[in-house]
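Presented sequentially are two complexes of chain A, the first with chain B as partner and the second with chain C.
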Partner chain A sequence: MNQSEPVFRLENVTRRYGDLTALDSINFEAPRNEYLSLLGPSGSGKTCLLRIIAGFEKPDEGKVYFQGKDITSLPAHERGIGFVFQNFALFPHLSVFENIAFGFRNGTMNVDASEIDKRVGEAVEMVGLAGLEDRNPEQISGGQKQRVALARTLVMQPKLVLLDEPLGALDANLRGRMQTELRMIREQLDVTFLHVTGSETEALAMGDTVSVLDSGKIIQTGAPDEIYNDPSSSDVALFLNRFNLFEGKLEKGSFAGPFGEVAVKKVQPNDRDMYAIRYDRTKAYKKGQTVPGPALPAKFLASEYLGSSIIFLFETVDRKQVEIDHHLSFGDPDEYKVGEEYVLSWDPAQALVFGKEATQ
Partner chain B sequence: MESKVLKPVLAVYVAAFILFLYGPFFVLAILSFQQGPEGGPQFPIIEWSTYWYRHLFGFTPPSRIAPLPVGEALVRSLTLAFMTMVTATVLGVMAAQAFRRRFKGKGLVFYLIVLGMMVPGVLTGLGTSLLANNVIGIERHWWSTAFVAHVVYTFPFAFLVMLAILNRFDNSVEEASWALGVSPVRTFRKVTFPLIFPGVLSAMLFAFTLSFDEFPRTLFASGRDQTLPLAIYGTFSVEIHPNIFAFGVMTTLFSFALLSVYGILMALSVRRAKKTAMQEDIV
Partner chain C sequence: MTVDTIRNNRQKSFSQLLLAPGVFWMLLFLVAPIVMIIYVSFWTQTTFSINSTLTLASWKNFFSSEAYVGALWTTLRLWLIVLSLTFIIGYPAALFVGLLVKSKTLATVLLVLCVIPFWTSFLIRVLAWRPMLGKEGAINIILQKLGLINTPIEALLFSELSVVIGMTQIYVVFMVGPIAFMLGRIDRNIIEAARDLGAGFGRIFWKIIFPLSLPGVVVGAIFVSVMVLGEFATSGALSGRKVNLLGNIIVTQVGSLKWAMASVVGVILTFLLAVVVAGFLRIVDLKSEL
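Moving on to the complex of A and B:
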């Protein structure tokens, strides 16, 4: 297998549950030795996608390739693909050590006892669990469980590990630490991680490449900054949770929205006309002040202090919430009065416009 | 306020419950120490003695009261209960395992299985006997026709116990095992079975006890050689002596012993984890 060949590839994979199409003719692949994150809102089919790659479910149509071979009809235990569950799925009746040694002891690989001790020992060391080998899963913390689940999978030296919302069951503090750790552990090994998550920050932080899944289709794949700065559709912008999105009408290079008409230069193809401006590029002005671009009247609702920044929530006349993210390194925020009317505005050059027009 | 009324009512209820649960046994136990061989199965106790226990094991001088003909019946019943227990539990585990997946006619099959415990026992027994004698044309025995009748009766209980256990079972531990390259068969042995073992024990206990004192189905289905409940009932038709009570005490003690074994096995499978936890705390 050469270096450029993808480690796995999905070809027109479709999966239906009754009338519901969970995966709609997906083509998807990942290069060797990479951290790939897959962002999808709940119900987008992301877990289904992982389960099909792992072999827990069969696709209704299409093929799955792993290391160049068609594995569509191969049962899960013959695939050699690792899987880390959101709930960790440790074997509750076995010690930490035996959890990690489980694949060696019960798989088809013939590994002798001293080799098992050595390899499990190394795995324990790598994930920082030394000293906890004899504990039972119920006696260790969530973060430690996560590490056992990881060690148990990595000790088998798979070329691909699927992680199903692996940080979802951890508290925020630990999640941050595990993010760094997951990346570091992966970099020591020649393995591809496919990390599925519903959290946009996690997806952007973790992935060398990020793919966005929506309604059973991959709608964008790219580097994290590419996805963040240049979402290919209004849906991607919506999932990133960093954009105020406005509906409106695009005609002859001008977008008519709740903020009036704005001239636009670049339009990206979309199934409907949408206007997007990032939270941190939206600003509020007092009535009567000169604004840099479109003017959107809105009432101040509330603020949320996040430490490094403050989120201000406004509500427009048609009851749509608009968010402003003010980073505190740019100076103290203005004071707003709850219930008072302000005018929101932004630099129109920084807005993204999506339109049906561009599709033609 | 409310507890002023509720508490006494509940207390009376609990007392009545305990009285009716253990009362009969206590009466039998007391009467089993009646003097023999003249003492009858009623109060007052003429004189306390262990005569009827000795009579049971044949340690008393011959008298007009024949020894209780239950020795062979007891062995038969134990063997039958054991056979039934193993078969019904294996079938119950397998059927419940099958019910984890979707298949055509799942609902219908469920009701067909559960029907086994709903159908009146006398009818099942009679039906089994007619089926064996008149339709298939085989002789009735406790180890053939009665065994089948017992399995049909106890299997739904084992099945329901296992269904409840497997309902709460987390499928992802099995999938995790597969993903580590372990075959489904070995996964069942190494992961699924150890985790559902407490349920298997309960299913076994159900099947054993239900079979051990099964009466109506066995009455018609067992043929010439009688099981223990039949043999005991047979002695009632002649004359009741306190040796029956002595025997009742013995079998009840045996049942308690069985329950204790069950309890110990259960506690062991739960405590193994806890024990290591305590060691950790001490260190």
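Moving on to the complex of A and C:
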């Protein structure tokens, strides 16, 4: 297999549950030795996609290729694809060591006992679990369980590891640490990670490439900064949770929204007319002040202090919440009075416009 | 004394109050009777009366009688046979209900179906085997009609076989229930994780499913053992008095007012049960599993 050939590829994969189409003719491929993250809201079909790649479910239509071979009808235990479960799914009656050795002892490979000791030992070392080999899963912490689940899979030296919301069961502090660690561990090995998550920050932080899944379709794939700065549709902008989105009407290069009419230059194709401006590019002005662009009257609701920045929440006349992210490195924030009317504005050049009358 | 210790003491005396009825009940109806039958087993029995002069006569009598010791062995043999059969028949059924049936509703319905025979009385369920197994019973008639046998099989009824069949049918559900419950609690992700690591079905069964269902097997085995070891009705109704279990001996001894001998058998049976239950509890630590 040469370096450029994808490690796995999905071809028109469709999966239905009764009337519900969980996956709708998905075409997707992953290069060798990469960290891919797949962002999707709950119910987007992301777990279903992983289960089909792993072989726990069969697609109704389409084919799955792994290392150049069609594995669509190959049972899960013969695929050699790693899977890390959200709840870790450790074997509760086996020690940490035996959990990690399970694949050697019970899999298709024939590995002798001294080799098992050596390789499990290395895996234990790699994920930093030395000294805990004889513990039972119930005697270790969440983060340690995560490491056992990872070691158990990686020790088999798979070329592809599927991670189903692997950080979902950990607390925020640990999640941050495991993010770095997951990336570091992957970089030591020649393996592709496909990390599925519902968290936009996690998807952007982890992936060399990010794909966005919505209603059974992959709607955008790209580098994290590409996705962040240039979402291809209003749905992607919505999942990123960094944009104030406004509905309106786009006609002849002009967008009419709750903030009045704005002339727009570039419009991305979309099934609805939407106007998006990032939280950190939206600013609030006192009534009567000159504003740099559109003027959206809004009432101040509350603020959230996040350490490096403050989020201000405003509410427009039609009861829509608008967020402003003020980074504290740009100086102290203005003081706003709860319940008072302000005018929100932004530089119209920084807005993204989506609509049926696309310019491209 | 601080307020805290007063509160602690109050809590303590309150929880003791909650325990009191249970403790009283157990003392009166479990501990006292056991002490009593141990005591009575050493009393002196004459043909028509019993007095509290202590003697080993009844114990010597039990162990020197071929019939009594034979009953002990029959009880142990039947217990092991019925226990094995309930496991062999019950485990696959539990596997189906607890693991292979995906819908929880269907699993519950199936378990309830297992319990439906209990809506009729115990005795009727036992006696219903007579028209099934008898010389002119359903099974013999069918086998003859099919031409598989010429003369009816007489060993079917009033034999050890009929007692084994009857007991297995009655008690198998007590094996199925706990095992199905344990199997139902196994996280499906664990099984998928094992598959993902390359284990085939056989490996997954022996390395994951069976060990995790073991507490259910032990609970089921305790249920079945306790009931089979104390049995007398099934053997009475289906063996034609040919199979005597320790339970049957107690019934006849009490019937002829031989309290001392009945107590000896009672003590032996209680001891046997204690050993069996303790033995099963050593296999798994139920406290940590349930």
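What we mean here is this: the second predicted complex is superposed on the first by the 358 of 360 C-alpha atoms of A that agree within 3 Å, B and C clash if a C-alpha of one lies under 4 Å from a C-alpha of the other, contacts with A are read in each partner's own complex, and residues count from 1 in each chain.
The rule is short, and it goes like this: a contact is a pair of C-beta atoms (placed from the backbone, for glycine too) under 8 Å apart; a residue touches a chain by one contact, two chains touch by 3 or more.
Note that the structure is predicted; figures quoted are calculated from it, not measured.
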| item | value |
| --- | --- |
| Overlay on chain A: chain C relative to chain B, clash or fit | clash |
| Partner chain in contact with A:N229 - chain B first, chain C second, else both or neither | neither |
| Touched partner set for A:N12, first chain B, second chain C, both or neither | neither |
| Touching partner for A:Q289 - first (chain B), second (chain C), both, neither | neither |
| Touched partner set for A:S254, first chain B, second chain C, both or neither | neither |
| First, second, both or neither for A:S141, with chain B first and chain C second | neither |
| Shared chain A contacts, counted only where both chain B and chain C touch the same residue | 54-56, 75-83, 85, 87, 89-93, 102-103, 106-109, 152-153, 156 |
| Contact set on chain A toward chain B in their complex | 54-56, 75-83, 85, 87, 89-93, 95, 102-103, 106-109, 134-136, 138-139, 149, 152-153, 156 |
| Of all residues in chain A, those that touch chain C in their complex | 54-56, 75-83, 85, 87, 89-93, 102-103, 105-109, 152-153, 156 |
| Touching residues on chain B, where the partner in the complex is chain A | 170, 172-173, 175-184, 186-187, 190-191, 194-195, 273, 276-277, 280 |
| List of chain C residues in touch with chain A within their complex | 187, 189-190, 192-200, 203-204, 207-208, 211-212 |
